[in-house]
Amino acid sequence: MRPARRWAAAVLAAVTVLSGCAGQEPDPTVTVFAAASLRESFTTLGEEFEDRHPGTEVEFSFGGSDTLAAGITGGAPADVFASADEATMARVTRAGGTSGEPEVFARNRLQIVTLPGNPHRVRSLGDLDRPELKVVLCDSSVPCGAASRAVLRTARVRLSPVSYEQDVKSALTKVRLKEADAALVYATDVRAAGDTVTGVEFPEADTALNSYPIAVLDDAPQPERAGEFVAFVRSAEGRRVLRAAGFLEPAPGAP
Amino acid sequence: MRGGGPGSAVGPARSAARVPSALLVPAAAGLVFLLLPLAALLVRAPWAELPGQLGSPQVWQALRLSLLSATTATALCLVLGVPLAWVLARTDFPGRRLVRALVTVPLVLPPVVGGVALLLALGRDGLVGRLLDDWFGVTLPFTTAGVVVAEAFVAMPFLVISVEGTLRAADPRFEEAAATLGASRFTAFRRVTLPLIAPGVAAGAVLAWARALGEFGATITFAGSFPGRTQTMPLAVYLALQNDPAAAVALSLVLLAVSVAVLGAMRDRWTAGVGA
Amino acid sequence: MTAGGGSVTAGLDARLVVRRGDFLLDVALTAAPGEVVALLGPNGAGKTTALRALAGLVALDEGHLRLDGAELAPLPAERRPVGVVFQDHLLFPHLSALDNVAFGPRCQGMPRRAARAEAGRWLERVGLAAHADARPRRLSGGQAQRVALARALAIRPRLLLLDEPLAALDARTRLETRAALRRHLDDFEAVTVLVTHDPLDAMVLADRLVVVEDGRVVQTGPPDLVARRPRTDYVARLVGLNLYRGAASGHLVRVDGAEATVTVTDELTGEVFVAFPPSAVTLHRERPVGTSARNVWRCRVAGIETHGDRIRADLTGELPMGAGLTAVAAAELRLAPGVEVWAAVKAEQTHAYPAG
């Protein structure tokens, strides 16, 4: 029955999107739009949330934060939005899309990702400047690119990358396929790639931490359950799962 | 052309009136469907920002790279694709139908997957790419040559299918006549077949060029994105879309204008060539 | 494989065996230099396949193909000294008449300028020097066929193949082109093989006919002999004779598969053919008496065709045949399908010859 119900829910969601109106009928599904980097941890959290709230289902739509934000401001019937950066969330908030103040629930820091076993013995950002190394960075128009630019400025390192990738996953892919020797990606991406790559921490990463805000949306069809889900993500259990995926705790004293 | 009773004046107005509405209505709907997004692009274009966008050297850099790589990729498609089409159309070997089906694979493959496949084959650590690196010190990813390879991979099926269709429609007996005059199969191909199918080759080349010019997925996956080296117009448009949609629309318009101009000019020239 | 075939014989000596599914072509052909041989036969008989095999466009499954003593069978078309004139000329549409003719010499390695000069001379020979720069689609059917002939001759072939060279032309052009072709073939010193289904083309152009039916040679000989002594219904129809096979005993031939005998002037025994032309038949409403005709059969009119002022009646009955008579005679006899008639033929108008 479960797959059939999920399917029906998807159709319903599609219909409401098409008709452009958020339905009022009792719908036990919480729809969460979440940044792609949250896929592993949020999938785990969703299942745990469903176990704790029998009868409730959590539907995820993972994607680039920009794309998701565009969907939300365009009227997609989502309950919760979890963005990979504050700027994108701010755009939704400015458009009146969130109900209440977004809260940072996790942070991500950059790592140098290298070929498995780090054969070129990369230890610092400065090492990336070696001419024999092919380095890829995210394009500065996407969050990981902006962060990369910031840490390189801090470290006063000027790189000549071979490519500016359109997102963090494709930067990682270039290293996984051994096309590039190193890239700057998030610690969570390195963790998710397992032993196909090796991550190298560097101190300047702390100067450009990426904050992940989460918020219940103004037009949420299930505002109550949505609030409960947000609380669950910020709970001790939620933090444990996020930490396991490589995320950092939100800054102490953050709201 | 045909039809029309005796004495019926054949004029444009009359032939238009003769189009059955069962065809006219969907045809008009189809045209609107194709042109509406284009119209939206034009209506919503940030015309005020356009001069500023066009003044930026990055735009011209990306445009230059796009035209250069698409044209080179088309040349590569011609050099490899026309002979391939000839073999498929004119020879018989076991598994020919399978080969023909395989040729069209890049058409159905999502371009990003095509890019990954190219990396696995021609990348630094790829099946063949590894040998290229070891023997010649050549690596294709992150180079303009890589862009050409990615574009040619995606565009070549259009050329092969188009040329093969033309070859099948062409009378193979001209090649036989050439053979009886002492022409080897290659000479017959070069001096007889190729001139006969030139319009089909041109049509295929135009299709391939247009496809190469718009190529995004395979290019960014295989060749990456670096301004002036591998960042073609579609890549620039995509990246601009991330935080400056207005700039993206402006870039799109430039690409659109250039491609329409080039395709229009080629079409005129090519139909004129056929008529002469 | 010929044992001890040491002497080099000029001309063509071929046995062509080609299998195409159920169809088997097995044709032997010989021709001396200067000779024009016509392959004559109905559609689907295998004439064109034989021609393509000679040209190298179809591979032999068996047999041999020797030209002036050299074995051609293993050679591809482009290396055979064979010129072909195709039925619909197949001039290259993107080349001028001159460049079409120069194509062969160019392929044989002649420099461009020399090849074009050579082509110009050939066009002059076929009377088309004025059209050297014309594209094929600007030429009339007859002109195109003459350019095609010039193109085939320009490679100086040792074997010239003509595939229905006049079939695509209208009647008037055909007459002129046939006469011109005859002149060119007279000048041509090597072997010519002509494929046609038109007996007139064959009779006018060929020195010898090879009649092919269903992949086999059924008759061969000089045109006049074949015309006088057909050996199959197809040939008999082509040359317009009534033909019967039967057993002869003295002057009497018992026709196979019919309740009739034919009295002939020739004296023969055994299997024979008997032929007589439709014009030799006279028709009567009553059984003729006191006529010198020795052969009288009871027949029924199956159909009537008019050819100008001549009427041709198809008869069934004791001996099926075609009868030719004038329109006046037909009217007097009130001939109509289904009418019963007596058909009479004088013995001296029949021609009997051994079938063996």
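A, B and C label the chains in the order they appear, each numbered from 1.
One rule holds in what follows: a contact is a pair of C-beta atoms (placed from the backbone, for glycine too) under 8 Å apart; a residue touches a chain by one contact, two chains touch by 3 or more.
This one's a predicted model, so the numbers in the text were calculated from it and none came from an experiment.
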{"item": "Least step count from chain A to chain B, where 1 means the two chains touch", "value": "1"}
{"item": "Innermost chain, taking as reference the mean of every protein Cα atom displayed", "value": "B"}
{"item": "Distance between chain centroids, defined by C-alpha means - chain A, chain B (Å)", "value": "37"}
{"item": "Length of the line joining the C-alpha centres of chain B and chain C, rounded to whole Å", "value": "53"}
{"item": "Whole-Å gap between the CA centroids of chain A and chain C", "value": "86"}
{"item": "Of all residues in chain A, the ones touching two or more other chains", "value": "none"}
{"item": "Chain B contact footprint on chain C (complex, rising order)", "value": "55-57, 76-80, 82-84, 86, 90, 92-94, 103-104, 107-108, 151-152, 155"}
{"item": "Residues on chain B engaged by chain A in the complex (per definition of touch)", "value": "116, 119-120, 123-125, 141-142, 220-221, 223-227, 230-231, 235, 238-240, 242-244"}
{"item": "Sites on chain B touched by chain C in the complex", "value": "171, 173-174, 176-185, 187, 191-192, 195-196"}
{"item": "Chain A residues touching chain B - in the complex, by the definition given at the top", "value": "66, 134, 136, 139, 141-142, 161-166, 170, 173-174, 177-180"}
